[in-house]
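Same chain, two partners: chain A is paired with chain B first, then with chain C.
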Partner chain A sequence: MNKLGRKLGSPKIFFFTAIWLLVILVVGTIAQKFIGLYQSQNLYFSSWYIPLDRLLFFWTNDAPSIPMPMPGGRLAMAVMFINLSAKLTFGTKLELARLGTFIAHAGGLMLLIGGFITAYYSKEGSVMLYEGEQAAYFDDYHKLELALIDTSPADHDAVTAFRNEYVRPGAVIEDEGFPGTIEVLSYFRNVDVYKLEGEVPADYKGMAQRFSIQGTDLNPQSERNRAGMSLRVSGLDDVENGVYILLQHMQVPQLLSAAGRTYQLDLRNARYPLPFGIELLDFKKVLYPGTTKAKSYSSDVNVVSGDLKRQVSISMNEPLRNLGYTFYQASFVEGNEGEASVFAVVQNAGRQFPYISSLIMSFGLMLHIFLRLMKHIKKGSRV
Partner chain B sequence: MVFKYFKGVERISKRSASRFIFGLTSVAMLMGQSACTDNPSVVKYEAPKSAVVEVAATGGALTEQSGPLIWEASEGWLPGKASSMRLASFAVPVEGGESGDVSLVKLAGAAGGELANVNRWAGQIGMPPYNAESVKEVIMDRTTSRGVAYNLVTLINEDANRAILVGYYMMGGDAVFAKMTVSQSGLETAVPGFLEFCDSIGTSSN
Partner chain C sequence: MKHWLSFLLLSVFSSAAVAADEPLQELHEEIGAILGGIAVQDEGRIKPLDTYARSKLLLFQEKSTHEGASAMAWFAELLVNPEQAYQRKIFMVRTDEVVQSLHLEVNEDDHTYSFYEIGQGLNEAGDLLQKLSEKPAEIRTRAEKQIIELYYKVNDYLAISRSLSGLVSDVAITDAGFAEALGVEAGESITYFDVILKKDVIGEKLMAWSKMTPEEREASGTQNLTEFAVLLNTRMGDMAYESLRIIPPVEFADTGDWKAPWTLLDGAPLSDWNMSKLVQLKDVLKLATANDLEGLVTAVEKYKEGVVLDKSIGSELAYNKADFFYHSLYLYILSCLLLWFSFIGWSRILYLLSSVSFGIAVVLNVAGITMRCLIMGRPPITNLYESIIFVGAVICLSAIVLEYYWPRKISLFVGGLAGVILTWVGLRYASEGDTMGMLVAVLDSNFWLSTHVVTINLGYGAAFLSGLVAHIYLAMGCVGSRAKDNLKDVFSVSLSLSFVALFFTVIGTILGGIWADQSWGRFWGWDPKENGALLIALWLLIVLHGRLAGYLKPLEYAAGLALTNITVALAWFGVNLLQVGLHNYGFDDGVARGLYIYCGAEVLIVAVTYCVARYKLGPKKSSAAA
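Then we have the complex of A and B:
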């Protein structure tokens, strides 16, 4: 065990993993120019493996496919974590003289743990509110969901959101209470929409009667991609059974009637409920005198918990932090319906880790320097 | 001489260190495990009612003091955004999965006058204001199927890919606006239905 542990904790592993991380960092950073920040992050930094062709030909999507997986950023950091753990457990003599480096390495481990928590736990999204409007949710920036919404209850909508493997071709969706079955026929992360010409099949329903979708290349700017999917609904009556089209950001709801209830189908950004509500009271914009350039934005909001309301102000440098969620003033909209404020919302259980681990590493390094200094002083006094 | 203060802790128990590191690893694995379950594939929850499906999908009559106002929604239109200002609200499907927004609004009196309203709508899609002479270029006289005369205002900002069409009626001394906001690329699809809608507006006495 000790032998295996010492091998796992070999500094060589750390050395080559760090070099590999540098390679990924350089390629991924340059690739951002061609495929955008989000895609690059997913492909190079958040992945367990990277296809070799994406490392060699990172500037083009038309490169020949080379079916050889190379370690991705996540795998490299996992190897680094195991290596550091093994090194500290089996490879370090725990003497006082090495206490500083021990603590510094432990800080590094904690930093990696924080990274993993952030990678899996964190949620990032946004919510837009018009003045007077209230919401108790936020929408993910990138992840999508297919929502089956029972709009029949008088006082609320009953939402069942299907994510991950359900937003893929071939997925079959069934929900308790919904008498039909929904099969995902096709799904594209970015689509072009075409007007249907000629005779339309009788089982095409809703928007599918007038339009068709076709997958297209991803836009480097992730938010400019509009997903689309086609679905086959079965198990209901002939009026409702058929093929439907859903598009991300589609303002026209696709409705189904079943068993005396009305259901809405929606392909949308994954929506996360908040344990409290946010009500926008007033959005304020201050311009530089004589210009239309904004000097500052701020929003007065109510944080609503049950019957309790707490008024706070969110401005560009003063986010609202509540129950693990942070709201940043991100943008605003001035439209026909009035002024709206856009908040970036982040939930990250690992956000304290970089601070704490940095402190630990700093303390460890300072202790190491101090102990070394003392050793030299001690040696000098003997001489 | 400083080292004398560390007597007794010069050698940290290796067993304790192992426990510490394995504890740390266990914590990480536990967190990873619970993190995986934090991203479920099916989520159920209750949400406040969405206004979008609460508005009647078809045209209807609304009894006003000046007489019941009547309109008919065009084929293929769907319920639109609800608002206390709107007598009716529709979404008009157009290309690109987008939809035009149609509203029917009634305001007391002349509601500021024709030129002021046209300039307000022009400003909403980033167009410069008109004067009393140039505004005539964007106004067309029309008559509904019920014999009500109205002005059709057409504003298109090609640079911003946005357009506003407004049917502007004076009924019983009050202004009625049938307004459609749509992308310029959606005009071809949306305009026929909007003109049908404008031509259907009247009162029961017409």
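Then we have the complex of A and C:
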């Protein structure tokens, strides 16, 4: 066990893994110029494996596919994690001369742990509020959901959201209380919309009567992609049964009537509820005198929980933290409908890790450098 | 675009009386020195006119002096005698293709062109400009981008040169009767400002005159106001030139809106304050034009009266005058030369002189950085220019420390080289505009600027220094085993330095992540800048662990460490290149080329020195040296 452990903790493993990570880092960074930050992150850095063609032909989407998986960034970091854990557990005996590096390595391990926690357990999104508006949710930047919304109750909408494996062709969606069945026929992360011409089958309903969708290349700017899906609804009466089309950011709601209730189908950015509300009171933008360059952006908001309203200000570098959620001043909109502020909202269980780990690592490295200097000074003349 | 071009043609080329391109006179230098202390508001901050002139001159011709004359001398001439100034070759156009597109003759000597030349070229290329402006920025070629840039520069230049034209006496009153009505001598010139002040009388006169028959005009004694009307009309064309915000607000001069003279000369009633400032500025220009230096000093003092600023601009003026970094650059060069000569002979005295000049250079370098911090009330690094200068200073300071404990000329050699390279590169970056510019909202945080930014730049510096020392190791290896003893020391130094570099890059990178977490909500986003920092850290870790794993012997380790310089260059400058499409600055193309050349040269040098050293030392000898 010890022998295996020592082997796993060998710097040789780190040496080769780090070289591989370096290759991924360089390729992935250059690829950002061509496929955008988000795509490149998914493909190279947050992936367990990378298809070989994407490593060799990173500048194009049209390269011939080579079905040869290469280790991805996440895999490389997982190997580093094992390597580092083994080194700290089974590595050579602790002595003063190595104390600094030991501590620094422990800090590195924490950084990796924090990274994994963040990768798997954090939610990132945004919410846009016009002045006077209030919301108790935020929308994921990238992840989508299919929402089945029962709009019948007078005071609220009853929403069931389907994510992940449900947002895929072939997925079948059923919900308690909803008498029908919904089957996803096709799904594309980015679509072009075409006007239908000629005869349209009788069972095409809603927007599908006039338009069709076709998948297209992803835009390097992730937020420019518009997802689309087609669905078949069955188990309701003939007026409602049929094929429907949903588009992200669609203005016209696609409605179904069943059992005396009205349901709305919506393909939208995954929407996460907040345990409190945020109300935008005032958005402020200050310019440097005589220029159009912004000196600061800030928003006065109310944090609303029940009857309690508490006013706080959110500005650049001064986020609002409340109940595990953090609100950042991200952007703004100035339009005919008034001023709107856009907040980035993050819930991240791993966010403390970098803070602690940087302290540990700097202490460890400083100790190491100090001990090294002491050794030289003891030895005499030589540096 | 078109509107401006037609105007340019009308106002400038019709009046061009071509005179010889005389050197800027001593007189302009003196006038410039007096005017340089006047405050203006530009790019969101209050600065001396001297800084304004320097940054503009840098923008146009990539140098902050013109044929030995100061920027203010150039600026003074531009205000006082624009016709002459327009003939100075002030626009640097390095790409001949651009010059040819404008149907100009290529200036092989120094690639500079006058406003007249470029203006004429742009006028003739009106169609081209129109089409280029319609072409999406992403698909413009390098030359096309530069044409557009040049267009904006020329526009900027013209706007500056005409920004005070409303206060210059150049509206001639030739008609005797009219002059009498205005209370001036016939043949005297008045300013547009005077016209505004006397607009009632003038309006009445013009109105009456326009209704008269020729006989009546003769009888009234005011025969010809046509010339006056045309002049007035031309002058009114300058009204759009509101770029020089030189009239301070009556209070809150630090944060309030300063006004350009032309903004105030729109005919609306003037407040007492604005009126007095305009009158004083008019006097300043009058005395400057008349070359009355004594009077000018008093007039400028008067103009400055009543303007209360939190921070005096005097310190910035002194900073400009001191030109710290240019002087430190010259001294770094001198130090290098002296040191090289010391290898030939007079070793001791030349080594001493080299050390002294290096020491003074570092003092100037640090003094310049300190003074900038004091002037701006900010930590030392807020932009690329400052970052390069700062890293240079850090490396040179470290070199002094190293040389003190280990006087082998090696640190001095490395320090001098780094000082020359970095200061030179840094000064080239100054041509991008005001180096003390205001910061965008997210960067405006003294806490993070002083922690993350300083740390990561210390990391760049330490990594660069350890790379340079590794180069020395390789070079000494090439000399052979004669230097074996030294070799061991050099290796030890480079190893220690690589730990220091690792410390600062790792901590700096994590601090950057924490800043991102504080302001954007994510610690790490695989953004090019972040990846660049990670690249250095990862490379250092690879080299260190390769050494630890026994894969890399001292010579290989040194080769790897020497290559760290490439990762530093990529992290520092390379990531900006990924956004070439977004930032259409011509300079980026130059940077890209420089970077490729640098990386290629670095690889070549390391490869060659490594191979030679390998051959000289032999595998056994090299491991024995460790």
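The rule we apply is simple: the second predicted complex is superposed on the first by the 356 of 383 C-alpha atoms of A that agree within 3 Å, B and C clash if a C-alpha of one lies under 4 Å from a C-alpha of the other, contacts with A are read in each partner's own complex, and residues count from 1 in each chain.
Here is the rule we use: contacts are C-beta pairs under 8 Å (C-beta built on N, C-alpha and C of every residue); 3 or more make two chains touch, one makes a residue touch a chain.
Since this is a predicted model, take the numbers as computed values, not measurements.
I'd like to know which partner A:A161 touches here: chain B for first, chain C for second, both or neither.
first
Tell me which partner A:P51 touches in the superposition: chain B (first), chain C (second), both or neither.
Touch status of A:P51: no partner.
Check the residue A:A136 against both partner chains and state whether it touches chain B (first), chain C (second), both, or neither.
first
Once the shared chain is lined up, is A:G180 touching chain B (first), chain C (second), both, or neither of them?
The answer is neither, since A:G180 touches no partner chain.
First (chain B), second (chain C), both or neither: which does A:T29 touch?
second
Can you tell me which positions in chain A touch chain C when the two form their complex?
Residues of chain A touching chain C: 10-12, 14-15, 18-19, 21-22, 25-26, 28-30, 32-33, 37, 40-41, 45, 111, 114-115, 118, 124, 287-291, 293-297, 316-317, 319, 326, 328, 330, 344-346, 348, 351, 354-355, 357-358, 361-362, 365-366, 368-369, 372-373, 376, 382-383.
Going by the contact rule at the top, pick out the chain A residues touching chain B in the complex.
Touching chain B: residues 81, 85, 88-89, 92, 94-96, 99, 102, 106, 109-110, 113, 116-117, 120-121, 136-137, 145, 149, 151, 153, 155-166, 193, 195, 207, 210-211, 226, 228, 247-253, 255, 262, 264, 273, 335-337, 374, 377-378, 381 of chain A.
In their complex, what parts of chain B are in touch with chain A?
1-3, 6, 9-14, 17-18, 20-22, 24-25, 27-28, 31-32, 35-36, 38-50, 52-53, 76, 78-79, 81, 83, 91, 93, 95-99, 101, 124, 181, 189
List the residues on chain C that touch chain A in their complex, please.
For this pair, the touching residues of chain C are 41-45, 245, 255-258, 402, 405-406, 438, 440-442, 444-445, 448, 489, 492-493, 496, 499-500, 502-503, 506-507, 510-511, 513-514, 517-528, 531-532, 534-535, 538-539, 541-542, 545-546, 548-549, 551, 575, 578.
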